[in-house]
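To keep things simple, chains are lettered A, B, C and D as they appear, and every chain counts its residues starting from 1.
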Amino acid sequence: MTEETSSFGTMHLTKSRLESLSDGIFAFAMTLLVISINLPDKSRIVQSQAYATHLILSLYSDFFHYVLAFLILGAFWLSHHIMIHPVKTLDRIFIWLNLGTLLFVSLLPFSTSFAGDFPDTSLGAIVFEANLLAIGLGMFCQWKYATSSHRLVGAELPDEFIRHVALGTLVVPGISFLGILIALTGNLYSQAVYLMLPFVGFLLHHYHRNDRVSSA
Amino acid sequence: MTEETSSFGTMHLTKSRLESLSDGIFAFAMTLLVISINLPDKSRIVQSQAYATHLILSLYSDFFHYVLAFLILGAFWLSHHIMIHPVKTLDRIFIWLNLGTLLFVSLLPFSTSFAGDFPDTSLGAIVFEANLLAIGLGMFCQWKYATSSHRLVGAELPDEFIRHVALGTLVVPGISFLGILIALTGNLYSQAVYLMLPFVGFLLHHYHRNDRVSSA
Amino acid sequence: MTEETSSFGTMHLTKSRLESLSDGIFAFAMTLLVISINLPDKSRIVQSQAYATHLILSLYSDFFHYVLAFLILGAFWLSHHIMIHPVKTLDRIFIWLNLGTLLFVSLLPFSTSFAGDFPDTSLGAIVFEANLLAIGLGMFCQWKYATSSHRLVGAELPDEFIRHVALGTLVVPGISFLGILIALTGNLYSQAVYLMLPFVGFLLHHYHRNDRVSSA
Amino acid sequence: MTEETSSFGTMHLTKSRLESLSDGIFAFAMTLLVISINLPDKSRIVQSQAYATHLILSLYSDFFHYVLAFLILGAFWLSHHIMIHPVKTLDRIFIWLNLGTLLFVSLLPFSTSFAGDFPDTSLGAIVFEANLLAIGLGMFCQWKYATSSHRLVGAELPDEFIRHVALGTLVVPGISFLGILIALTGNLYSQAVYLMLPFVGFLLHHYHRNDRVSSA
């Protein structure tokens, strides 16, 4: 009798609980991002319209990274659910791959803060991009592990769907890798690569639809 | 075969999961508001009753904005649930409209902190009011998108209910718009407009009841 | 047709959603309490065993208030569940009483931080005790509103249970009121009154058991 | 009639609610750990690649403790679920043992921050290790209380499973105790003991499997 089939083994960690911890960490990390927009200490605040205007304008880099990080985490959260839905059983390795990915999700408020604090160096952008690269690779590994030889998913899951989701998890890492390359050349606006995301997302979606129609 | 009807498409993102992420972000943003009431660094604290009294009184603007923001977020959370209940299916656009709204929910602790830090400038109030305006408009867009031609709601949902909820989501944005106008004249107490909220809420509720009785 | 019985009214806010928001706010507030134990800015930290020892000992007041606040919030969370279980329907007033209570739950990390920062003034203790008083009174009001003429609870709910829960919600406010009185005399250790909590809790529990046996 | 069997007693606190509060506190504490990686105040930041590189390298101790604390909390969360699954009824003592354990879970962001701030003193490591020791002992006590004479678990739960889980909850406390002993000798790298965790985990898992096979 293997532990996996035993009624008192680790399998009691149901999918719903893993999803609930993951949802919690995604929601908190997305909300905690706001801490990266930091106001100066109260004692240094001057009560004038000019100072207030200057302050809010000086936060442009913080705002930009906040919006970017929030929306990309939203996209990852969406992927996480599309990905975890067809998973039928859990094992320890999958759970640890998921926890490892969440470690980088929960690190994003730091990287966002760091990138917002260093708008004029390429290292700020690289740390931010490397963090997103790590989340995306973590999700790719989870999916590969779950679907290779249909390990944790049903046998009826079409290979075409498996390939499509795998491709989807690689979009953000791919763009992040491109961003890191650009940043390494000393360019300070490498984060602009993420503006490609909606277009790549649309193309992938469109290609997937055509692929399915043609294979139907 | 369109993706929407496919059994392996994005529709696996069930409503319950969207609600759970939304509830998490609402609850967390409401709790994080408390961070906007900031105490000075410990090294600058003087251990005297007079200093402690002075400090707590000097936080009046922080407290006022905390209470206001908490209760208005509570009202938005209530609207969110009334609104999402009749939604029967989800599509990508609706999910992104929801995430876009949550982006502004999660930004509110920043705006609240900013408004509390600048009680003597009108910009503080404007940032706070603009943030609430954005949340309300986001919710209005979600509802419009979901109900126009009964896109995501059942055909049996009465038009009168659709109009009533749409009107409800416009109350806070309308009052916020008024507040911004007042603040632009240089008035420093424009946030007082939100004291109208309970009365407008009551009127709307009352009008809705009469409307329903007369149409019965 | 009243809105309360209508199928598109506010009643769609199910109890489970209210509990989920409440659980979220309780869990976050309990975790956020840890922020009240504040370490000095990194630039002022000296890397020596003596300094580290001195620092951790100087936090005694922060630790004491953290433990106190965490356990009392735990007790309130327990009461909240005992209280909300027999509630059968929700109305707007009950929801707003609940949100008003949560406003003070979510404020507790501030009061705890304030009390920890002012161990040598009675105002620190008073703010902390007043916050707990407010949470307890909020819960008492919710319960009174829900049970008076069995408004939101089933007719079969025994009066004896209603009285017992009402008494239970008054324990923390009562002790807090006592603490405030003591603090007003200038005593700096008024928080010691909360050490009575386990004993009062035990007595109440015991009295309730006897009461039920004798009425059986 | 004892309260435990009464239909209006404390038993209304269902297991699902306790799990939901616990999941929330675990998820939030894991996300809040990121706050322990602290960036300097914006006014002291220099916009140069050299400063940014220096800064990120100087955070090595913060990163190390973040990763360690995140993964160990993940392991505790896993244990919590394995442990709570066979529990059939709840009583007040079990709930308070659980809340007491969560008090230390929620304290971990502080200890992690403290340990990261004092890489060059053994006290930093001791505080961190003592915190993990307390969480583990708390979980051991919960399990002992629940299973002794099968108090809260079903009679059919095999003794072998009870012993295995008890042993599992003692792994982190045991290693932490070892770490404290090493730190007390003045060694500054005592946290390295946690690198044993995966191996001990694997051995325990393996031994459990063999044990079960041989007893089958």
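Points to keep in mind about this one:
Definition applied: contacts are C-beta pairs under 8 Å (C-beta built on N, C-alpha and C of every residue); 3 or more make two chains touch, one makes a residue touch a chain.
Chain identities (UniProt): A, B, C, D = Putative integral membrane protein.
Here the structure is a predicted model, which means the values were calculated and not measured.
Annotation: the chain C:chain D pair of sequence copies touches via predominantly different residues, less than half of the used numbers being shared. Superposition of chain B on chain C using C-alpha atoms only gives a rotation of 90 degrees, nearest 5. With each centre defined as the average position of its C-alpha atoms, the distance from chain A to chain B rounds to 26 Å. Counting partner chains per residue, chain C shows two or more touched chains at residues 20, 24, 28, 32, 35, 41. Under the contact rule stated at the top, the pairs of chains that touch are A-B, A-D, B-C, C-D. Across the complex, chain A meets chain D through its residues 1-3, 6, 8, 10, 12-13, 17, 20-21, 24-25, 28-29, 32, 35, 38, 40-41, 44, 92, 95-96, 99, 102-103, 106-107, 109-110, 113-114, 117-124, 127. Contact residues of chain C toward chain D in the complex are 19-20, 23-24, 26-28, 30-35, 37, 39, 41-43, 45, 47-49, 52-53, 56, 66-67, 70-71, 74, 77-78, 81-82, 85-86, 157-158, 161, 205, 208-209, 212-213, 216.
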